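One structure is given below, represented as structure tokens, and several questions about it will come after.
Labels for the chains are A, B and C, by order of writing; each one numbers its residues from 1.
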Amino acid sequence: MSGENILQVTNVCKTFGGIQALLNVTFAVQRGEVFGIMGPNGSGKTTLINCITGFTKMDSGKVLYKGKEISHKPPHQIANLGVTRTFQIMRPYYSLPTYKNLVIPLFSPRARRTGGWRGGGKLGDRETVSIDILEEIGFERDSFVPYKLASALPTGYLKRLELARCLALRPDVILCDEVFSGLSMSEIASMVPLIEKLQMDGITLIMVEHRLRELFRVASRVMVLNFGQKLTEGIPEKVMQDERVREAYLGSEKASDYI
Amino acid sequence: MDILIYGIINSFSLALMAIGFTLVYGISRLPNFAHGALYVVTGFLVWSLINLLKLNYLVSILLALVIMGLVGAAIYRFVLIRVRGMATSEIIATYALGLAILEFLRWGGFKGMTYTLPVFIEGSVTIGGIPVDLQRIIVIGIGIIVISFMWLFTHFSKTGLAFRGMAQDEHAAMMLGIDSDRMAVIAMAMGSILAGLSAIALLPLGNIVVEAGYNVLILSIAVCIVGGLGSWVGAIIASFMIGFLQIITVAYIESHFQMVVALLAIIVTLILKPSGLFGRQKELEERV
Amino acid sequence: MDIQERRKERLDRGIKVRTEGIYAVSSWQEVTYLVLPRLILIVGLLLLPLLIPSLYWKRVVSIAGIYGLLALGFDFLAHFVGLVSLGGAFFIGVGGYTAAILDKSLGLSPAFTIPMAAVGGAFVCTLLLFPALPLRGVYFAIVTLMYPLALMRIIEALNIFGGTDGILGVSSFPNRWIEQYCIIFTVIFALFGLRRLVNEDIGLVFRGVKDNDQAVRASGLSITFYKAIAVFIASGLGCLGGAYLSHIYMWSGISQFALDFSVIPIAATVIGGGGTLVGPVLGCFFLVPISEWLREFGTLRIVFYSVILMAFIMFRSEGIMVYAQRKYHQFERWVKV
């Protein structure tokens, strides 16, 4: 990889009414890599994503994206710069058919500027483009699924729809908030190649994950959070050797059992 | 001195009016837009009991409060339970109910000077050189009693604690065996009784008019919003702020602005600090 | 036969294919099926002024049209953008006063003041409501409910714009026919325009804001901006109505901020069927005449439509139009289970 830092997060702090959710979290993500963020429940992973993408205002700290500060921008501007996210609790537009869900991100300034996914997206075409994206992400074009109401989709498809919404923006960075959670083994098995494909397309991925086995398959580096603080960072095998990580996860038991 | 005394009185009146609204909204998340109508209805109810049925004043008050409690419970049981959880429908249904009640009273000819309630005790005292009639002192007294009673009730009684549980997290409360509908019925009944109580305390100071219904609703919403929901301290401080602001505007600017103050307070608070003065994070998420 | 043992089976009529909005039209019969309801509506509205002889009831038709515009705005905001605005009176009042002021101070004819009042008024409304746009549900409703009351009392207290007397002597329409057809054409255009709009891509964005605003933000769109556009459209319709009203009554005053303008459109929407856009308009053409007819009973008419409103919201919250559309588009029959 190029080794250039696409996202640089420095000293992010956030408190919620006396509870320290994040304390001086600092890390950098390189262009094109898959960066994992792990940690026990309540360690501030989702808050970190919210802070980076502007959904939560951070108390202090800095986020640099391609060398430019995005710390205090509203979420839609950050998304337009190419930093998109999925939600842990899926948020499709329930009353719209699935393919129309993607018309909305395709309507954004960024998608209009970049011409949407693979050059389409000129006026009137958005529905066609959205079906292309859905096919890309694993919906079958000729089945009924893309035409169903989003409220009728099963979890696996909703997770894909979340990713599709990000892809519609032609992002540089996608922050995935637990894309594997709640999926069956076979759904996960079909999801992993998808992530790998996204990486090959040159998209930088930051993945918050509880499913460590899958995370370690795709991630080149991981960071461990505990009680809002960064414990360690490095390649997965190294991190799992770390005593503090084991302690955070399991008290004194061996962390590798967890995998 | 004028301002201080009348400010305090006005603030307690506001607190009294608003406490029922705050209670219902705080517990069951039902914006009871019929609150003002219930206030006026109590006035007419007491009046009718005294003048038409020739009952004793005290008896009519007690009877009216009991009826209000039943009315409140009935409103929940027959109207609100059907629209529970649909915010828009809740507003529209209660608003329509309030409108129907008030305009029905107006149509029924309940207007004019004839409709007044007798004061509890005639006479006035002089505080700091300003004569204040006893009824106003009583308003303060009732205000203090009601507020402290509500505080004790919500902090120490079983039902009160269940109320607070509901207010914080309805689903968790249901899981712990609190019947959310039953609590909401009780809350509505109590809210109506409190609306009635404030009417009984305040109406002897003037005529019973239908317009009061709209004003009371606006003032209650104002107190509720400025103070931040579910926060007793906030509601009381908000009543004092709005109460004094009103008196000050009346004294120094013009009496027409009295309601404008409350309206602007609502708008400005929601725009600048949507959680209200003492609201917590949860309410902020709900509002923004 | 016991009712428990059967159920209602609903079958789509053949012409409604896979998704909303895509029709496979292949015969005159099918074209008629699609066009007939729309045609009946348009022709019906256009014929209304011709069919009604008395001057008084002609006026009622105009008023119903104005309420129809308001109700369209309300339905659009509530069911396609997710903003419940209880401030119909706010839009009417701002539009009415703007038209009256333009008329009196600049001496323009209604042909200019009405469009100007619609755009200018919408601008004012959007600007005033702009800070309230991030608010949700009940809170937005409360703010919009408070605005007309506050404006009314401010005008009263400051004694501006003619104070309690209002602005008198606003010029009227050249004649009755122009007045009526102006309004009816506006209603028809607004109706079909909005229907078109909500199915365009930008309409999908609005519906996205209603369903799930966080995802819209994550999609790189500013929700405040799109809410502002929606409020602009809805308040524009309301202000247009207000401007017509000022010119019809040749007067503009604080009663334009009255509750009627907030309540009837909501009642019409609930009765007509929210989210259909046609429903609210029809609801107005149904409610307003009844309300006029009940005028001799004074405020009892407010009681009357409040009660209707409550009944509908409790027992038939889908409204008449949704019901009618279902009947039209689907066969129903009882089948044994």
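One rule holds in what follows: a residue touches a chain if its C-beta (ideal position, glycine included) is under 8 Å from a C-beta of that chain, and two chains touch if they have at least 3 such contacts.
What you see is a predicted model; the values in this text were computed from it and never measured.
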Touching both chain A and chain B (chains): C
Identity of the chain that, by mean CA position, is farthest from chain B: A
Pair exhibiting more inter-chain C-beta contacts, B-C or A-C: B-C
Distance-to-centre winner among chains (Cα means, whole assembly as reference): C
Centroid distance [mean C-alpha coordinates] between chain B and chain A, Å: 48
Inter-centroid spacing, chain C versus chain B (mean Cα positions, whole Å): 33
Averaged-CA centre spacing for the pair chain C and chain A, given as whole angstrom: 41
List of chain C residues in touch with chain A within their complex: 18-20, 201-202, 204-205, 207-208, 210-212, 214-223
Residues on chain B engaged by chain C in the complex (per definition of touch): 31, 79, 82-83, 86-93, 95-97, 99-100, 103-104, 106-107, 218, 221, 225, 254, 256-257, 259-260, 263-264, 266-267, 270-271, 274, 286-288
Of all residues in chain C, those that touch chain B in their complex: 78, 84, 86, 131-132, 134-139, 141-143, 146-147, 149-150, 153-154, 156-157, 259, 263, 266-267, 270, 297-300, 302-303, 306-307, 309-310, 313-315, 317
Complex contact set, residues of chain A against chain C: 53, 55, 74-77, 79-80, 84-85, 87, 91-97, 100-101, 103-111, 126, 144, 147, 165-166, 168-169
